[in-house]
Structures are given as C-alpha cells and as structure tokens.
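Just below sit the structures, each encoded as structure tokens.
Heads up, the next two complexes both have chain A, just with different partners, chain B and then chain C.
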Partner chain A sequence: MSTNGTRPTIVLDGEKVAFTPGETVYEAATRHGKDIPTLCYDPRLEPFGGCRLCVVEIEGARTPVASCTAQCQSGMDVRTRSARVEVHRRTLMEMLASENREVEVDELTSLASQEMTELVDRYEARTGRFEGRQSGASRPDDPNPFIMRDYDNCISCYRCVRVCAEQEGDYAISVKGRGFDTQITVEFDGHLKESACTFCGQCVQTCPTGALGDLKALAHREVEGETKKTRTVCPYCGVGCSVDLLTRGNQLIGVQPAMDGPANLGALCVKGQFAFDFIQHPDRLAHPLVRGEDGELHEAGWDEALDRAAEGFLRVRERYGRHSVYGVASGRAPHEAAYTMQKFIRGGFGTNYIDNCSRA
Partner chain B sequence: MTDQEILARWKEEPAPLLPVLHAFHARDGYLSEDAIRAVSKGLRIPLADLYGTITFYHHFARVPGGLGCPRVCTGPVCVQEGALDILAELAPEGATGMPCSGRCDDPVPVLRGHLTLAGRSAADLVARPAPLPPPAPEGAAECVFRTIREPGHATLAGYRRDGGYEGLARAVREMTPVQVVEAIDRSGLAGRGGAGFPTGRKWRAVAEADGTPKSIVCNADEGEPGCFKDRALMDYDPHAVIEGMIASGYATGAHRGFIYLRYEYPETEDILAEAIREAAEAGILGPSVMGSGFAFDLHIRRGAGAYICGEETSLLNSMEGKHPFPRNRPPFPVTHGFENLPTVVNNVETLASVPHILALGAEWYAGLGMNGHAGTKVISLSGDILRPGNYEVPMGLPLERLLYDWAGGPLEGRTIQAVTMAGLSGGFLAGDDLFVTLDEPAIRARKSFLGAGGIMVFDDSRDMVEVAHAAMEFFAHESCGKCFPCRIGTQRLTERLAGEAGPDAVVAWVDEVADIGYTMKETSACGLGTAAPLITESLMRYFPDAVSRHVTGHGALPMAGPRGTEP
Partner chain C sequence: MSNPLEDMEKPDVIFCIGTNMTECHPVAATRLKRAIANGAKLITADPRRIALAELADVYLPLRVGSDVSLLLAMAHVIHREGLTDQGFVEGRTTEAEAFLKHIEEFTPEWAEPITEVPAADIERAALLYGKAERGAIYYTLGITEHICGVDNVQSLCNLALMTGNIGREGTGVNPMRGQNNIQGAGDCGALPNNYPGFQSVLDPAYQEKFAPVYGRKVDLELGPTKPRALEACGDGIHAMIINGENTVVSDPERHHCEEALKSLDQLVVIDIFLTETAELADVVFPATAWGETDGVQTNTERRVQRLRKAVDPPGEAMPDWWIVSQIARRMGTPGFDFRSAKDVFNELCELSPIYAGLDWDRIDAGEYQWPVPHRDHPGTPILHQGVFENGRGIFKLIRYRDPAEVISDEFPVWLTTGRRLPNYHTRTQTGRAAGIDYLAPGERLEIHPEDVEDWGLEDGGWAKMTSPRGCMMVKVEANARSPRGTVFTSFSFNDAPVNVLTGGGYDPITDTAELKVCPVRVERP
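Entry: the complex of A and B
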C-alpha cells in the first residue's frame, strides 16, 4: 500500500493527495475540501449508499461509483465534479423534489433540515420535472409533544432509522414496505409513545428534509428576531453533552445538539433536547419569598430574604455543627450557579456535604 | 406447536428467522401481533426492526385467514392467459395477485396455502406437477437436462441409476479440493443466474479466504419474470443440486449449505426436503460424505416473496434475518458473505451443472457451446410461442433457431413482434435484433443481456406499451427502496407508461424518460435499478410510433417534429 515509507495517494480532480488506508473516497475528498453532495450521509453512521448523490467518476470504472462506500485505493484517479456526475446529481435532485410536498422548510425544524433545500438550489432542481405521486404519509395523529412526523417530506434516506439503531441503540424506528411505498414507521405503525422511542431527538436533528421536526422549537417560529446560537454544556447530568441554545432576542427558542461535542457527537437525551420549558415558564419564581408570621410565603426584597436565610443557616450551624448542612444543586440551574453553590457550601459551612442532581 | 416449541425447534439452527416466521404463519394462518412479539423476544430482534422486515415480504399475511386466500400469478405471460379473470372470479375468497411465480410454461398458477394449482380459468384449476422440459431436438447436446427426463430421476435410486453422485464420489475420494476447483475453472462454467461470473474463480476465492465456518448458498429465489428453469431442475433433478453443493463445499472447505428457495415453489420445498432426507440417510450428506470424512450439512430456507432477495447480498441479509436491502460491495460474499464469512452463492443451474462436469470432464462441458462459447444455458421460453418450456441450448445458438426450429414458432397466423431478454431485466429485442445469437457478448452488443435466460415472446397482437408498463410496474413493486434512483425512478417510469403523469408532448416525455433511465442505469445500487430502464430504452428504440401514440393519445407522430415541442 505505502511506497517508500510515504502514505499512499489517490488523484483527486487532477491533484495527488494522500489518504489513510481504510478511508473512503468521500472522506478523503471532504478532507481535501471537496464539496460532494450527500443526503443519506451522516459521518457518525455506517456509510449507507442510498442517495447516490455522492457518485464520482473513477478511472477504469464503467459507471460512477458511490464515494461514501468506496474505499481509497492507491493510484485511484477520482473526478468529483465531472459533467457526467453533475448531470446525475441534478436529475436525482429533480426526482427528490418531485416526491415531496414541499422543498422549503422552516430552519427551526431541525439541525439538518436545510440540506435538501440547499441541494435543490445548488442543482437548480425546481424545474417541476418528473412530477407524479408523492411518497410517504405524514402522521399528524401522533400526539407526542416533541417530534413532528411529517413523512410527506420524507425521502427515505433512513438516517433516522440508522441513528436510532447505531447511535442511540434504541431500534425504535424502522422501514415498512418497500420501493416507492416505503414508509418510516415504528412497531405496528403505532405512535412514538407506545414504541421503544426515548424521544432523544436524534432522528429529528439528522433529518435532511424536515420530515421529522422539533415541535418545541417550531412552537417558537413566530418569535421575531434573528436566531442566535450559543454553545454551552447541558446541565442535566454528568455526561457533559455540548448543545447550542437557540435564542431570538432574550428568548430561548430551542436546543440543538453539537455534532462536534466531544462527549456526545450530536447525541442528546429527551431532557437535554426538549426539556427547557421551565426557563420561561410562568410558574417560575421571579422574586424572593419569605415566610411571614402567618405561616404563608410573601414576596420580599433581596436584602430581607438573604438576611433571613443567613440567619437561619448560622443558627443551624452553631447549634448542630458544620456537617449539619447538606447542599443539593439543581440540574436546571446554570453552571455558574452550581459552581457558586458548592463554593458556598464548602467555603461557607466548611463541609463537603454537597451534591448535584446531575451526578447521575 | 406452542410459541416456545417453535422457537426451541429453530433457535439453535443457522438462519432461524425465516423458518420461525413460516412456522407461525402456517400455524396461525397469518402473522399476528402476538406472534411477532414472541419471535422478537425469542430471537432477540428489535420489535420495530422485525415488524419492518416482515412487511418487506409480499407473502406474509397480517390479517387472520390471510395465508388461506388464493394468490394468483399476474406475471406478464399469465395476464395474457386469463389471470385477471381468475383473480376477479376468486375475489370473493380474498384472492390477491402475486408477481410472476415461475410457471409461464403452464399458466396460470394459483397458490392456495402450501399448494400450487394451475389452469386457464378459475373452474379449471388443478394441482399438477410443473412441466418437464420438452424433448430436445435431435442431436442437441445437453448438460443439466442430459438425464432429467428419465422416469424416477428425482429419487436417489433413479438418480444413481442415471450416473448421479459418481462425479462427487470421484471428487471426494480421488481429487483434492484444489483439483476440483481447477476442473470447474477449466470447464468455463460461469454463473447461470445471470451475472456470468466464472464459477471456478468464485470457488477459489472462497477456498483461499480466511474465516470459518464457510457456507455454500444455492440461490433458488428464481424471481425473475419469465424464468422457471430452476423450478424444473429442482423438481426433476434435486439430487444434482445437492451433489453440486456438496462438491462446492468440498472444493472450498465449507461444511454447511443453504438452499434459499423462493416462496412460490411450495412443492419444490417438499421435493428438496425429501431428497435431502434420502441423501442424509445414504450417508451422502452428514458427518462423512460418502465415507470420505468430509462433513456437509444442508438446510432449506424458504423466502417470503421479494424479487430483490434473488440479488445475492439481499439474499444473505434475508437469511440473516435482516432487512433485505442489498449490501454495499466490496467486500463481496466470497470473503464477507453469510454472517460475514466466506460464502459461495451460486444459482441452481450453475450447481446442477457441476455433477455433469465432474462426471464427464471439464473439456466435455466446454465443448458444448458454439462459436467458442463454453457450455450450455437453459432458456425458459414462454408467451406467444407454440411450444413453451425450458430448453437447454448451446451457448451461441441463434435465437431464431430456438424460436422457430426448437419451439415451433409463433401461434397460427401470428408473427413475433418482440421478445424479452433475461426474463424482463434485459428489456426487449425486436426487428433485426431478433437474429441475435444466444451468448452474452452478442446480446450485450444489442444493449441487452442474456441474464438468467428467460425469454418471453410477444406476437403482433400485443400492445407493447402496455407490456412495458406491466414490466415497469413489476420493477416498481419489487424495488427495495434503498437507493433513490431506483425507488423513485421505477415509480416515475411506471406512471409515464401508464399515462398517469408526465408531459403530453412527445419530445418532453422522451426527455424525461431517457433522463430518468440514464441516471438509474448509472447510479443505482444494484442490478434491479440498473436493468429496469432497459424496458423503456428498448421500447423507445423499437416502437417509437407506439410511444408517440401513447403520449399524445392519437395517431402516430414522428418522435421529434412540429408537435413535439413543450406544451
């Protein structure tokens, strides 16, 4: 494979480049800045070879080859953007546009939701050619509060099926029927709630067409303003999944997993993905409350509230000792608050009796 | 049998899912939700996965009584022989159609549970064996049909009387595995399922591959419309298939074999099972094949109705209980086959040729062909022809001689308009191209291929656009749905041939159909998608006037002309 101790090479659009044995043509090409279109590809999953958009010409091969499943071989001469493969990509995009209800979907639908739209535009595929029956049947009857199942816009790339099996290990989603009647479904065509689904949302975030949508985020589609993404770490547990918080103005409108998060590589659980309602919930405490003589809680100023709390803490410590206090921080509090809390318990009381509900 | 008894019977066997599902299906008359849950638990297959996989197959009934409902073949020949009338007549019994079920030489087959009936009308349906191959013309040298017409040949005694198992005896007693591979190599035998890959090379690759246990898989999922040769071979010469498989096992070091049999051949399953029982009893199968010390066991796995499972990697996924999508290649089955281990996948006809080659010699087989082509090919000939049936022709025989001299030509007062090649996958040949010789290079030069060797004849009374439409509908029905060009392309081409969608100007229609076909041919992931557009391609090549009439709805128009502009 390697010659004279150097790495083996392929010729990529006329340029000699090195590859790592075992690397696919798609991976090598992408690493060298080639923008090969794909729709069934998710770098976290086994290459599938379904969409065929990534076909390239390889010298000596009779027909174009799917680059996602072809491994680099020393001396391979690859053309990633020849007229021939571009023609096929355009035809494929026109065919895809013809089977869906719509090409345009709201960007809040999911992280990957714009992939198909972008390729339809790149290949100027809004030609209306190849019209005919549409594939997939949506499930507006599914009552779950998290995941929209709008299969009218499904292109059967199976990223949802594969991410559920390969990444999440739930095997909740499957493929029913075959050919143009293929339908993404769960056991016995039921609702997600009765299936093995854990509502981790990974299927939603990898869906390239908006057939699966994040209902929590979509509920905020009317909020005005530009969407801003802020990288943070999910506070719910000790794994440390990286997330991007979506905000418009001062309002949190959604959570998306970070594909480059070192702990999660785009994975989240139902809490990290969907459970952020509490932040802007009307029931949330907005003012300090102190208990009055009447035994009821009354709104109070910060000074009064803090004095009352400090007084109580001091009294307990004096009477029962420093280990009489046990602090538990909430997974719903910001990281900064969690840090301050442990500092307060350790430094303030001199005890190590501090924990966090996220330790699980 | 209880759920637990069924599961216990199969759980420790290789490739248990299909037999387990068939056992539940036969016991209950359908696959109930409870049965599917029990199988999921018993075989540790995720429920959603299992449910999806079951829905992939045409023949697993999901409603009570479903298995008992008649299934009427609506293949290309049968619809011309009254299948739709039979279907209508049996409708009160819940009859449904099924794709070509491989009995085009004796239409129309109707499945009722584990029984095949045949007849041209609902009143005529009787259970009768599928036909023997018709007699070969004087002087034609045959290989797989050489002894098949001898009475009692399907029994072990009859097979041995006709020289059966002599080749294997010599192989396991006097030859090394390498010598067996060399003999097959020298014979020029190539895959008779359609791909034409040299058999000796395949066996050598498996013999040299690392990893055990290795497997021999006989691809008996004869799903190609217009093909019924493997049925004849298995029904009338089951021991030849068994002998070929054992020889293949000996040559490659594989100790287990599987016959993956299509669902639509229930009687064949019984015949094979009986032959395997006889062979095991005689010590031909089992721990010491013919006393040689070489062990070989054989299992039958019955499919459940999916054309794509004739594609070898789909077949392997089906056997493994997975969703039967084709796999990405490389790696190939010779190194990563059944359970990711080295596996020979050979067609029935290929394996049935092996005993004759071992008995009579590689040179004998190679010499059977004409004009430098090696060996013979069984052609399943059906449709508008006087004597339909399976004919074993020397490679390189002119098609004309087969049609007119061997099979008697068209029906009285008719002329042959077109024939299909490779069953349906090779599209049509018509006009001067009917003078082709039957060998792969000659047929490929006419933009078609010989494939598994099914040839359906359509005379001048047939509407070729309608024939093409039915053909494409079949491919759409059988497309697995894995790759985009095939999943969408077969659907769009079907709609256009049905006149349901697409431009109503000829030039635009032809453009769309040609563009879809071009992308399907060049980018589809397996042979189904790459072959299906040969239907439209050859239709437009040979029958442009019929296409024009179909698109515009009126008289013949030039393919491109003043009316052939965008509407």
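Entry: the complex of A and C
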C-alpha cells in the first residue's frame, strides 16, 4: 500500500505490520490472518475482555494481555501463539469445559453454538482436571416456544446480555450473582415473555455454547440428512433482512441471520427468526381449485383451471369490453409476479387497470 | 427511502412521525436505538405512547389526523427563528417565497387546540429539528393512511427542504415500506399510472416505447386505483385477478368489499392459502411461496435483492409468474414465452432505466440500490445528492383539513389501527407459524385504563365497537399506551374484523383509505 510508509506499525509474531489508529490488537492480528481464539467476542459488540482466551504476549507487559481490549500502539511487539499463551488458553478451556453439563451441542442450536466445542477440541481440553461443581441453573420452567434457556451450559461470556443491549437496544437480559454464581436472567428472574424480551433470537444466535438454543430448529433434530443453508431475504416487512434458510432434504428446519446482510447486519425480529414455517403448513394450497355447479370449490387439474380462467376473462372482455377486467398485484410476491401481472392486463386488455396492494 | 438504512445511525436529530418502528420495522429500529445511544436526539409524534415515545427527547402526542397542523406550526417556528437554510432554499428549491409567507399564520398556538399538543412542545420539536446538522425524518402508514396522506408527506418534504435536510448522508425523508416487495410491485409497473420503472402511462413516448412489449398500444389514460375498482365491481368491472392479497380482511369497508367481489362474473385468485378472499373466487391457483421461489425483490431503501428457492413447493404449486403467463397464453396474449424467473427479470431490466445496469446474474452476485443506470454503476444509496431529478424541490402550500369523519355524540371515540410485533397483516402467515400464538393469542382493543373505568368496561372483558359502517366485538385491554379517548387495535385477526368499521374516507390523490382515523362508539355489550 502506498500509505504504508506513513502508517504506524506493530510487530506481530516477528513480522512488521501496519495498523489503523484505534484498532485493537485482536482486530489487527485477525486482519493479518492470525487465528486467535475467543468466546466472548462478537464483532458487532463492544470488546468485553471477559473470556481471556484472546490473550497475547506483549513485550514489556508482565502478564498476557486480552487482545480484544488492547489498542495497538506504535512499535508494540506482539506474540499471538507463544507456548505461554497457549498453555494459558488450554487451562481456561479445561476450566470452561468442566463447569458445563455438556460440551457437544447440536448444530441446530444456533449460529454460534459450535464455537465452544471447536475450541475444546482444538485445545484437547476434555482432561477432566477440574471436574467438580458446575455453574448456571437452567430454566426448563420457561414455557416459551422459541428460546431454550439451558444455563447449565452457560459460561457467563455475556454475549446475550450485550447483544440485547447494544445491538437490539432492548436491555431485557441481565445478570445476577458474582463469580462462580453468576446467572444470566431477566427482570424479576421470571420468564422471557414477562420481560422486555421481544424474541428476536439475537441472544440465541450469538451464544457460543448452546446454553441458549433455537427451540423451533431443535425440534427438527431427528430429521435426517445434511443441513444445507440457502441465502435469501426475510418475507415480512420492507427492511429486507438477509437470512440463511436451514434445510434437510425438503424440510425447512430453521432460519439463521446473515451477519453480512447489508440491511440487517445480522439482526432479525421475532417474525424473521421464528415465523418461517407457514410455508410447510398443511393448509397450503397444493392444487388448483375451480368452483363447480354446486357452488363449491373443487380440486382441478392445471389445464382445466387455466382454461376456465382464460375463457372467463375472454368472455368478460367480449361481453363488457376491455375496461371490465382489473388486476391486483402482490406486494409480497417477487418482481416476476408483479411484472407479469401488469403485462397480463396491459397486453391482454390494453388498459392500465392494474394496481398493487399498497393503498390499504 | 431517500437514504439508506445504514444512514439511520448517522443523524444528530431523528424525527419519527406515524411510525411504530420498534414493532413494524424492528430491525430498522435497532439502528435508531444505536443512534440515540450515541447521542442523537429523537422527536416522536404519535397519538399512542409507543416505544419510540418512551425513547424520545420530545414526544408529541398529537390527536389522530392532525399531522398537517403540527407540521405547519413546526415550519412556522423554524422560519421565525431564522433556522431556514437560505443557501439550500435559494439553490435548490422553488416556491419558497410563497411557502414562507403561507406559514406565517400557522403558529404553535394555532396548532395547539387542533393537535392537542402544547404549543411549547411544538416549539421544542421545531427548534431541535431546525437546528440539526443532519436531521432525518422517518414515517410509515401513520402519515399516509389519511384523507390527507399526500398533504402529510408534502408537509414533511417542506420541512426537509426548508432546512436542507435532504440529499446528504444521515438526512432525508424516509418512508418505511411495510411489505417485503411493495416497493418492487411499483418498480415493476403494477400501478395504474406507471409502466415499469415509473414511466408515465400518460406520456405518448412511453406508450410508443412499450407497444412492442405488450403487442399493442395501451390506453393513454390512467387506470382506476384498486379502491375505485372495488367500488366499480358489478358496474363496470366484471372480472378480477388478485395475486397474493387478502383483500377482504386487509381493506376497509369489509362488507362492501365482499359484496363487490361476489358481484364479479369472474374472480381469479393466486395465493398460497385459501384466504377469505380466495374463498370467494371462481378459480384459485396454488402459488409457490417464499423459500420455494427464485426471484427478486426491492426493500424499503431501494435495494434490489435476490430471493432463493430452498425447498420444493407442496403438490402442484407453481410460481406466480408461470401461472399468470399460462393464463395469458391461453388467451392468445403475445409475449409470455418466459421459461424462467430470470427471463422475466431480465425483460424488466431492459425496459426500466432505473434497472438498466442490472440483470439476473448481477443481482445474484450482489445487491444494488436503484437507480442503477448502466452496467458500471455502483447503485445509488442516497437520492437527490446535489440535484433533484426533476430540477428543483417544490414547496407545497398545504392547509389543515379535518379527517373525513370526526368524533361526535354518537361516535365519541377515535379508533386507530395498525400492526403489532408478533403478527403480520391478516395472519395468513404468522397465524400458521408455530409459537406465535403464545405471544399474541388473540385481538384486543387497547383502551386507557381510566376510559375502561369511565365507560363501564373491564380489563379482559368484551366491548362492542360501532362505527357508521358496522359493529364488532373485541376484548378490552386496559393500556396507558392509548391516550384518553383514543383506542387501538390491529387488523390481524379475522374474528375481530376491524375493517368492518373503517373506510370513512380516502385520499383524493392516492385513494389510500383513512385507516388511521375512524370515530367509533365503545360500549359494554
């Protein structure tokens, strides 16, 4: 880069690299391809420095430093993977693994749910060295149909608390107790529905241990097949949040927010997150219907129904003229529906007798 | 929206009017909340004490339908205090002199009895917006669903024009579109006044341009709007094709609407469920749904986005475009040889200057905000930068008008309607999503607790609500979000059909129904 000469630099694992003023050591290191482990980190949130896994050695500092909260300073000499920090990280992972009921969680639990499992594997931390008390009390009493609250698997990284406050602005999730007795909760220690929670699911999707889970997705855990993700956009309001649809075979299993969605940056609301399963509801129309002599609607083949529709429009045009047929396009269907609808009216009747549902 | 969603984090003053954004556009609202957390000031004007009111620095609890008087008075204060952006007004607008004279008489003291907002609060709001470095306006149907919907929007434009809060980052006049592709339906020309790409049907040059597309010259005159067409059913209009709209439940004057559709010789409905509207049809076609259909949509910030198929549809359901094309072909209409959604979208792009730089493959790889006039164009996140498309921003001289119907001894309560967070429109979708009923098991009428008592009602009990057009039963919820004398309900539940009551008037230009204002009587049944 042409500006490299004037930009300040740090030494990263022996290599001199430039940084942008204000950048943290973690950000600069990640940008340069370093794989520093984290559990309390979510790039959308303010750095928290809680899990201590992102510690690095900085020349001159007595103890390892959390890289997510340390800002780069010119000339800093940083070691991201020294033996000393790797031992530190492994010990932390052993302790974290010991305080949870389980380390393996179903991949359908949430977007971030495998983070802890992957780090336990990476640091071979299933040693049982710290077996003993476990922290966190689950809330199976909460009857809500969307969010599993299995705090037995909570490591108090506060990502749920912070995403609810910083990303959603709802401040529904709070903390009681200190240290080993820290418990994630909501106001009056009650159920989510009685709190300020809007069921947007952001806490679920950012939880790195599976303590919070997507109950609707988990209900499909018995469906066989590989989980496939398809990028699309939420079907509800006009904001246009990008989502990934989770499917196994032809079964729609769940929705996860797209962190790189330009309209939503990973955020969703209760409808986009949880109200997806209408499409595979038994009430769906699966065959054309035609009104019979008896006045009732009956299933019909495509040919019969299409002929009936075409003949009906031709008959009305014949009898009442071309200004007697009107089209209403949908604000819910894609462009291709609206485009063909207006073309149907303009091409078939030569009129502008077409509108959409925006006036009501 | 004139500005992109990401700009919602950039204003120093935000003015939300007629938008319950935290419930209706929750993800957009998260950006406003972040702006506020970073120091932006919020003005909220809404009859109900919604969540945005709780977050506001200045809350203006205006009487339903009094928006124009509030906005006139704000303009008055801004000019009186010398906060008009003279440079912008001289450089980029027209009719300013007449406008600035027009607003002289509309003092906050004049507006106070109309809006029921204290004049001092109107002053505070005007000073806040008037002094903003980057002032941004956000609105939704609380502005447009009035007999004066166009006047309301133009009054907001006047404020933005006089303060130069348009065409820059973090400013603008920003409607939040309510349906995923309502912007796109307009882009595609499903409007009685425009061909695809907002090209006027009244312009002979466009009539000429589009003749080969349609295989004929289309009338050089506007078609009727949907509300007018519904009025003409059985008397002028004898056949309809309705795609994906539950007209009977979503539109005003439900009984009239049902009768209108029943009077048709032929009603064809294309939908994913047998809606209340589809039940009236002669032929119902099963469409593929979201998640089953490849296609394109445009969001509220004009971002053209690709929708992808993830699962197969049920039974024999087919994409809307295929169904419409098949009917057209059987009628002998030319130009419906589309083999895929890609064919349809590419034809739209060829005809629409705002889409000229797009095609299916380009949209598949990225998202662009229109206008995208040519292939090398990056898209247009902010409209009206440096220049307005039509030359100069025009100030409009607006006067306050009462709603079509006002409260009386017979109908002494204002009813206003809208959405709630968990449910969407007529619940054809959210009503069939597991778990939503846990959050919103049924409809309820939000009434101020003191009104509940004064009117002899009980929290959780039933109320009978009557308007000049009809009557319905609904459960009562004592809730201080409603001001005294104004009640609220959504139109989501078919067993609480509030649109039996609504429909007192329509905006004369857009024919949008005054769904936000309906005088009613609320009583113990």
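What to note about this one:
Convention: the second predicted complex is superposed on the first by the 297 of 360 C-alpha atoms of A that agree within 3 Å, B and C clash if a C-alpha of one lies under 4 Å from a C-alpha of the other, contacts with A are read in each partner's own complex, and residues count from 1 in each chain.
By our rule, a residue touches a chain if its C-beta (ideal position, glycine included) is under 8 Å from a C-beta of that chain, and two chains touch if they have at least 3 such contacts.
The structure presented is a predicted model; accordingly, all values stated were derived computationally and were not measured.
More residues of chain A are touched by C (comparison of chain B with chain C). Judged by the touch definition given at the top, the superposed model places A:45 against neither chain B nor chain C. By the touch criterion defined above, A:137 reaches neither chain B nor chain C.
When both complexes are overlaid on chain A, the residue A:96 reaches chain B alone and has no touch with chain C.
When the two complexes are overlaid on their common chain A, residue A:18 makes contact with neither chain B nor chain C. When the two structures are aligned on the shared chain, A:182 is found in touch with chain B, with no touch to chain C. Contacts of A:351 after superposition on the shared chain: chain C is touched, whereas chain B is not. Once chain A of one complex is fitted onto chain A of the other, the partner contacts of A:335 are limited to chain C, with no touch recorded for chain B. In the superposition on the C-alpha atoms of chain A, no part of chain A is touched by chain B in one complex and by chain C in the other.
Interface residues of chain A facing chain C in the complex, by the touch rule stated above, are 143-146, 166-169, 193, 198-200, 215-216, 228, 230-242, 245, 247, 250-252, 262-264, 267-272, 274-281, 283-291, 297, 302, 305-310, 312-317, 319-320, 323-344, 346-348, 350-360. Taken together, the chain A residues at the contact with chain B in this complex read 39, 47-53, 55, 63-64, 66, 69, 71, 84, 87-88, 91-92, 95-96, 98-99, 129-133, 135, 155-156, 158, 165, 171-182, 185-188, 195-196. Across the complex, chain B meets chain A through its residues 33, 36, 46-49, 51-53, 55-56, 306, 308, 323, 328, 330, 476-485, 487-492, 495, 500-502, 512, 515-516, 518-519, 521-525, 530.
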